[in-house]
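This is the structure, below, for whatever I ask next.
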Amino acid sequence: MKKVLLTTVTLFALSANANFNSSSHNWNMGSDPFKSTISAAESIYKEVASVNAWRDTAKLIKDAKAAHAKGDSAKALKLAKVAHNQAVRAKEQIPAMKNAGPRF
Amino acid sequence: MKRRLFLKSAMAGSAVATAIGAGLLAPRAVMANSDAFKAISSKMDAAAASAGKGSFTFKAPKIAENGAVVPMTVDASGMADVSNISILVKENGTPLCCSFNMTGANGEVSTRVKMGKTSAVTALVTAGGATSAVTQEVKVTIGGCGG
Amino acid sequence: MKKLTTLFLGLSVAVGFTNANIDPQADQDAFINYFKKANPNVALEDYSVGAYALDEINRGQFEDILSGITPYEDAVEKGGEEFADLGLGKCAALADPAAARVKHPYFDEVQGKVITLEMTIAKCYNEVTGKKIAKNKGRIARLSAWISDQAAGEKINVKVESDAAKAAYQKGKATFYAKRGEFNLSCADCHVYNHGKKARADVLSPALGHTTHLPMYRAKWGGLGTLHRRYGGCMKNMRAKPYKSHGEEFANLEFYQARMNNGFEITADRYRK
Amino acid sequence: MSIKLKPRARNGNIDIKLLIKHPMETGLRKSKGKLVPANHITDMTVAVNGTTVMKADIGSAVSKDPYFKFSTPGNKGDEVTVSYNDNKGKSGSASKKA
């Protein structure tokens, strides 16, 4: 089962590559959701980290990459999505942080 | 009677030791207390079961703030000839926490005790050869973030 | 119309945070009033015992431990010996330990930042020994606790005077009230608006009085730790990545919190669960 | 391991507070996945001017850094001695005048 999945992924990647060579359309988003998700997670996290890093985001990114390297693409994508979601929500918190004050 | 009880618990102890030796029991299931201490624990536990209600003060919190440090005080200074004060936590692996044999000291002790979970706690006082007990429940809760 | 409102709001925000409008005394008055109103039966000075002021059963255990030999007495004494052996009194900033405790945290105009007692200890330790000292626990906590003991009974008196100091105070205040981390909670969400309520088995401590007994001994730690260690642990619990101990964010937060406690006595009763 | 001993004479009695620095490991606690070996005090003796006034059997359920408070008949100047043994064969003692 796993083997089949891997083969499919590889094939997909290959065809995507072919696509890239022949045309300029956005192959990255459609063909490898892991790569796009993890790179988005990483860049947003990097942007917010000095002001509002969540506790587990860095570890989630690391674990996602490790799962990806091991070929567990389902787990990798799942972790990447959680990391991405965390980074996005952390970013959403920031505007209100600077001038936060009491409500009494 | 007491001798039999003692023998019984001592035998139970050695059976446990054999079980560990044979790898039947994980070491986790065994308290570190020595067989001799466990024997005293069994003896005190039995004594507590048959003891009448004591006329001394036993102070322990209703809810333990931290199960690792539960302050307790037994004050039997109003009683004559106190020869032993013991504290038993029923739900601990070995119920006996500590047993103080007085050979001149007054009948009062304070200490701090570990409790794994909510349990009945008994203070046992032997004075003038008679043993009496005061029992109360101490709740142990699992902490959140420490306040 | 909508545009106008936005413009108006934008203006008021801009005006609201100029330094001229930063008034720590007014902030403290409001802060204290909030707690007074929430707990009309709690005496003001009782807030220095933290959550114990609001929970009778736990307070009994706290007092039992204080009336015996406290589990940190030895460590504080050792801190005194270390202070003498290392010769930390040679540093001008620590020559008079009691005065040093009362002075910190303060805004250093030359460096342009808040300096906490532990930052001064770390600097002095480095000058005397050439080595770095760990920031959260162990030796620094022992030294800081011993120094603080020398000032027990004296009053916290944090000064926020210059514009730069006010700006640091304002940053610390924002940190205190800002929601962050996966749980989307601010310090104030628990320690102001929900103080006295329980988070599982723990009574949430009131923020008023928070800095009076630091460094503290926590049974959970089995040892002494600094205020920044506690800040870090608290942030982690809220699933935020802690700021750095001795860093700007925590120093400013300490500055704000300590200022809210002006007039409170520094205490040597360092026990918490 | 050190002992903190505080005897205080008052109205013909000596109040004794003492704290022994000791980890009091039960042998059941895990640290980094491994059981920490048992290491706890097993017995303690309190004497006044050389005469034993109390002997205690101590289990692993006594808290880390055991604390005890007793009182015994006695006067200012009496010497209070506390000694203990642990399950690893170590012992300690301390003396102080009330």
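As written, the chain order gives the labels A, B, C and D, with residue 1 at the start of each chain.
Definition applied: a contact is a pair of C-beta atoms (placed from the backbone, for glycine too) under 8 Å apart; a residue touches a chain by one contact, two chains touch by 3 or more.
Treat the numbers as computed from the prediction; the structure is a model and nothing was measured.
A.B. asks: Could you see whether A-C or C-D has the larger number of C-beta contact pairs?
C.D. replies: When the contacts at A-C and C-D are counted, A-C has more.
A.B. asks: Between subunit C and subunit D, what is the gap in Å from one C-alpha centre to the other?
C.D. replies: Computed from C-alpha means, the inter-chain centre distance equals 36 Å.
A.B. asks: Could you put a whole-Å number on the gap between the CA centroids of subunit A and subunit D?
C.D. replies: From the centre of subunit A to the centre of subunit D is 58 Å.
A.B. asks: Can you pull out the residues of subunit D that are in contact with at least two other chains?
C.D. replies: In subunit D, the residues touching two or more other chains are 64, 67, 69.
A.B. asks: For subunit B, what residues touch not just one other chain but two or more?
C.D. replies: Counting only residues that touch two or more other chains, subunit B contributes 68-70, 73, 110, 112.
A.B. asks: Can you pull out the residues of subunit A that are in contact with at least two other chains?
C.D. replies: none
A.B. asks: Please list, in label order, each pair of chains that touches.
C.D. replies: So, checking each combination of chains, I get A-C, B-C, B-D, C-D as the touching pairs.
A.B. asks: Can you list the residues on subunit B that touch subunit C in the complex?
C.D. replies: Residues 61-66, 68-71, 73, 110, 112, 141-147 of subunit B touch subunit C in their complex.
A.B. asks: Can you check the complex and tell me which residues of subunit D touch subunit C?
C.D. replies: 2, 4, 6, 17-19, 21, 64-65, 67, 69
A.B. asks: Which bits of subunit D are touching subunit B when the two form their complex?
C.D. replies: 13, 24-28, 35, 38, 40, 42, 46, 48, 51-64, 66-73, 87
A.B. asks: Show which residues of subunit C lie in contact with subunit B when the two form their complex.
C.D. replies: 50-51, 57-58, 60-62, 64-65, 68, 71, 198-205, 218-220, 233-234, 237, 272-273
A.B. asks: Where on subunit C does subunit D make contact in their complex?
C.D. replies: Residues 68-69, 71, 73-74, 222 of subunit C touch subunit D in their complex.
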